[in-house]
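Chain naming follows the written order as A, B, C, D and E, and within any one chain the residues start at number 1.
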């Protein structure tokens, strides 16, 4: 799974397979991070303690 | 490091079993149990729940009395070389955690019990049912743990195990060779327990690529065949039989096909490699 | 500052984030996985230097040389000893599994006395002093009542130092009842004595023969000496022909060049049919028959009475008639006879259906005589014991000498069976039919497992129940030990010294040395030491007869000439053993090989009863009620003798032999169809001796009309790994004594199979 | 009083009735959980599996729930990528069903391995050549995606929605949902396929083995195709059952018909491919290994040729024809027949690709291997159903799953 | 069931400020870091002393054949490992000095015929076949390469055992994250073997090379 693990090899199958995996993971990770940070920001910029209204 | 390189000269350890000589006594099985710490249960009659690295099958020619003939077929792990003779055996490529691997220096399919997490995909892949699962915790009654062989690790519940051609004997033989400053081990130094125990000398073991080894000649004999040749698993266990019905029991043939043709086809294929 | 739920939540989140940044989760995940790789309840064998030790296996009478790998004093693996002159490296699965017997649950770990009813399985641990003195007191008491002859001792062998020691003990004590357990040796020894005038065993030189005609002898299925037979088989080249005569396609039959499925119990007739052809076509060895044999032609005795000779006898067995009896075509009989007589070194082997009757053995032996292959390479030879057991005669008291003169309890050597040495078969009947006190008051079981191996085991158990005192010296908790009053466990063979004389069937004179390869595991005592200590307790002449400190001293003194060789290579081959030429070989009244055994016990006085004629098969049971014939079959994967299957062996047994607790009876599909059975059906098998629940297995290789069960199952003792599986075939087989010899005539019985 | 847990404007049954049903289904769940712990504690000897049946009921259940859960990815694909707006009304439920299916699949996988504490080896020591590795990676990552897709629905619960951070999170997740959905579709295509690959690459098992494209056997593509075809059918089926049970209209008929139409065409094209594949396998692949087609369907008590006919014709072509024809879709009974047959069809397909593969003998001297699951296996296979029902009950009660519910049931 | 009352509840309660929350977060973070990095390793490993304090240095001065005088190869090529009484006895049948550890050896072990329960720092798990012959004889490696310079030590260091796995800490290494260069003699996990093999032979090796 990682290059420092015994089974790892710098070959085509590993690059293709793990490449796709890490690509997917990074999209998900980036998406999630964005959402969380954005939500934190949104929460902070709102008036504290005020209840929220529906959009 | 030159020594090291010489040692890794590729071998293809294989076995030749002369079915005309096998009397079905089961000494190979028992020797294997004793050598490889194979556990047992009170009820071993369900052979699909019974750990056996080598199992002797009894087959008959299907003819009525008194024309009946029987033949015993001992079946260890076939140590398949794979479809294109490159180690792509049915089980190795499917293992998700590299717990089983093709050992290039010897051609033996390894099984690492401590790596295996018991998904059993390799068992589904093996057409020979050579792979066995530890459904139970192994246990030895009374003080039988005393006879366990320290050269072979005891398998825990929940992992797959199989015949290793007594690889630990190869490891030990190499140790001796190192000590004596030899690069190669002798043919007699590395023999699996079953081959050694066979009381009628029906089993032979050695390097299939080494013309000085007996298996080299025997595996190329006209009487030689392998189990399920047509699946192109390329086993390293060869059988000898002078009877065509035995050969017919060893593979699947469509209507009108004869075992001989198949054998010849395989010969030319192997030769081209 | 207000602290609320959210602060706590924050603390937890901080802790969680922090924890992921420490080694805790990662290291623990890995360590837990490593823990599964190394579960404390999964044993880890101790490493150490491998030390190989030579010994001899005594699990059966085969006497194979073994090489035991030990690591730090523990026996790990048993392999055949490559240079051992009997088995030459080959070993049967039983021998390989002996480590399981050594450390297994069947071991009796200390002397014990019965705490409940007989056979109940309740025991109380006692000291060796108490065990020895209990036995001594019982024996002393019987002697004081002038009844030493009511003591009997059962042993698996009558040769070697242990048997000699026990026999010597009984002599000094005053009992004539040293009884060897029955085996195929009985009829062979008797036949050897009657035809050649020699005490000893018949050695078959199978290794050098080129035509082996086996009359149902399960050579490759474990009869006699499996290790030796396998090594002989391994040495056969293409020119060697093996012909197997038996109604079921056994492993031996399947490996034979020719399988002759003669009807069960007609092997003797077939032998006579073959002799007929050989005589008719004058294919016999004229030199031997004319110059070194007696009774081939008709002859006149001193009283002038004309007797029929062997050649006249076989005239009555023309191929057509034999074909009718045996079911083998006449032409086949003729070609078989020509093949046998035409071979360079042919040998005919007896031993079918367990013991084989004397008639049958004599008929088969006659074939060897006809082709003159006696005392020739590839033939048969008489093998007597070496004379190392030559301790000086001892003094015995009057009680002892009176006791010795009493007839044996098993009637062996009596006027009814004057030539037979041991007749354990007879013992149950003698005891059960006696009114009043049992003729046996104390029984010492020094080997064998008679309650399991004797035919009609119900009768045997009934007889044993009448015996007041039973002591077992068994290493394992076997059926007889379970029924004993006191247990004096012997060491397992991997823990003890013992000499192993030439195994039956081997045409050499060999002594092998069993020796301790591991130290004694439990509180056991060598059986030889037990007898020496009992003798010392009894005192007087008995003590003097066994003057040794212990068994080891006795053994070393006995084998003083051979000891060095034995210690070094594990065996000793008698260099002086020469197979004598024909003019010196025979010690019969005629000084020749006797086709007409003049010494044979023949109450009727008729020639027909002296000559080995074929008597219609005496298979017990009413054919109307019991249309099938049940035969036992030997399987190399199931030990049928005194020592039960170790777990390893049972593990090798196929699913169509044992399934869960049930044994399968083999039936020909035709027979099964006739009675409406299909594969796996459960059925009740009935014989004149008993009944049992079995399952049906269809096998094309068995003669229609037969049913076959494996030997070695249906044990009630030993370990959970064999006990309770299947049926004891012996309990289904009635005993049928052969007239004149008392031997069991046929190990087969009529049987019926009905739906469960 | 606190914020109501039940979404605004919809009616739900009384708490008592809800609790009663929860208890009933919960009892079944507990039975499954007990069996699960037995299996983990005592090991796989609690199952009916053996050395011939390395894969059995569980793997079938796994493959099946994943195929049925395919509705989530395929609906997501249609909604977010193709842009079928009509499906927005059912996508929430499709995601929940998918979430249930995938979480169940992961649970069953955790049960099915002999050494659960080493389960992570499949990721850590991955063998990239193994189809199972591909399954494990895609399955778990896709499950993460499903969780992310499920999360905003959960956050829309009125109580949770009151918390500002969660409210924003839900909103922001909605904003980027198309990205997640696209990733999910990508992953799902692969792991549905790799599940097919699991059987198809077994070149020692002529019953399962298929030739293919590059490293992927044809079963790889067939599995993806069939999951895409039948997944929406399962979504339709479960939604219709939910409607029956709740006695409410939840989704517009037009949405069902649209899904059915798409499913129908997918199924029809899948069946054509599957029949060609079967024919090629029977005529070329199997004979090369010494087998005739009928070798796989004779001499055993269960697997007759009926199973092939059932899979291909009765539960394959027939529902496909029903669903592609307008009349078939518009007749409620026919529509449901088609949907149910299609679901059964994919169950049969997964069954034969797991169980029959194990059963068929290879060496001429061997017999068919038969297998009977133990109650522990059955209980743990039923467990996900109970768990799914509970999750659906909770979701339906507390989350705004069906955006059209208010509108459709305003009359009552 | 009114949203109104709920609103009141929420707004009427004074909430702790963001800073307070952050402080709690930090407390959690720091506490877990400390316990994870400092307390955890102490808890995970138990520490034991060798039964007898052995001086390799003293013995190296006496023996003729270096390490292999006591840690020798058997004739079959296997490595004898830790010496047993059989080796010690040849000199220490009776005490040669007044050293208390030597006296302990003689009195408690040799005369009692009891093996010394030495704790083996580099003991590999039962699934591992380690060939000393391949390394020492085949590749002429120094003992110190893997075992460190133990041959010149005057005293035996303490032995740490992982409570969960039962292995010596030398297998995993003393650095919890196994970061950086392996210190000779204190890291024996598979990856450490592989790293050296890759460097020396160009291959990490096949599974069966070292597993049994």
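The rule we apply is simple: contacts are C-beta pairs under 8 Å (C-beta built on N, C-alpha and C of every residue); 3 or more make two chains touch, one makes a residue touch a chain.
Because the structure is predicted, anything quoted here is derived from the model rather than measured.
Asks: When you check each chain against chain A and chain B, which touch both of them?
Replies: In this structure, the chains that contact chain B and also chain A are D, E.
Asks: Using mean Cα positions as chain centres, tell me which chain lies farthest from chain C.
Replies: Between chain C and every other chain, the largest centroid distance is to A.
Asks: Select, from C-D and A-D, the pair of chains that is joined by more C-beta pairs in contact.
Replies: It is A-D, judged by the count of C-beta pairs in contact.
Asks: Pick the chain whose C-alpha centre of mass, unweighted, sits closest to the average of all protein C-alpha coordinates shown.
Replies: Smallest centre-to-centre distance to the global C-alpha mean: chain B.
Asks: For chain C and chain E, what's the span in angstrom between their mean Cα positions?
Replies: 56
Asks: Any idea how many Å lie between the Cα centroids of chain B and chain D?
Replies: Distance between chain centres: 40 Å.
Asks: So what's the Cα centroid distance for chain B and chain E, whole Å?
Replies: 37
Asks: For chain D versus chain E, what separation do you get between their C-alpha means, in angstrom?
Replies: A distance of 48 Å separates the two centres.
Asks: Which chain A residues touch at least two other chains?
Replies: Residues 5-7, 51 of chain A each touch two or more of the other chains.
Asks: At which residue positions does chain C touch at least two other chains?
Replies: Counting only residues that touch two or more other chains, chain C contributes 32, 35-37, 44-45, 47.
Asks: Which positions in chain D are in touch with at least two other chains?
Replies: 115, 118, 121, 125-127, 129, 133, 162
Asks: Touching residues of chain C toward chain E in the complex: what are they?
Replies: For chain C paired with chain E, touching residues are 1-4, 6-8, 10-19, 21-24, 27-28, 31-32, 34-35, 37-38, 40, 44-45, 47, 49-50.
Asks: In their complex, what parts of chain B are in touch with chain C?
Replies: Checking each residue of chain B against chain C gives 21, 23-27, 29-31, 33-35, 37, 40, 42-47, 50, 52, 56, 58, 60, 62-66, 68-72, 113-114, 137-150, 153-158, 193, 196-197, 199-201.
Asks: Report the residues of chain A in contact with chain D in the complex, numbered from low to high.
Replies: It comes out as residues 1, 5-7, 13-14, 17-18, 20-21, 24-25, 27-28, 31-32, 34-36, 38-40, 42-43, 46, 51-52, 54-55.
Asks: Tell me, which parts of chain D touch chain B in their complex?
Replies: The contact residues of chain D facing chain B are 43-45, 49-55, 112-116, 118-119, 121-122, 125-127, 129-133, 136, 198, 201-206, 287-292, 295, 357-358, 362-365, 369.
Asks: Where on chain E is chain B touching in the complex?
Replies: 73, 75-79, 125-127, 129, 131-134, 137-139, 200-201, 206-209, 211-212
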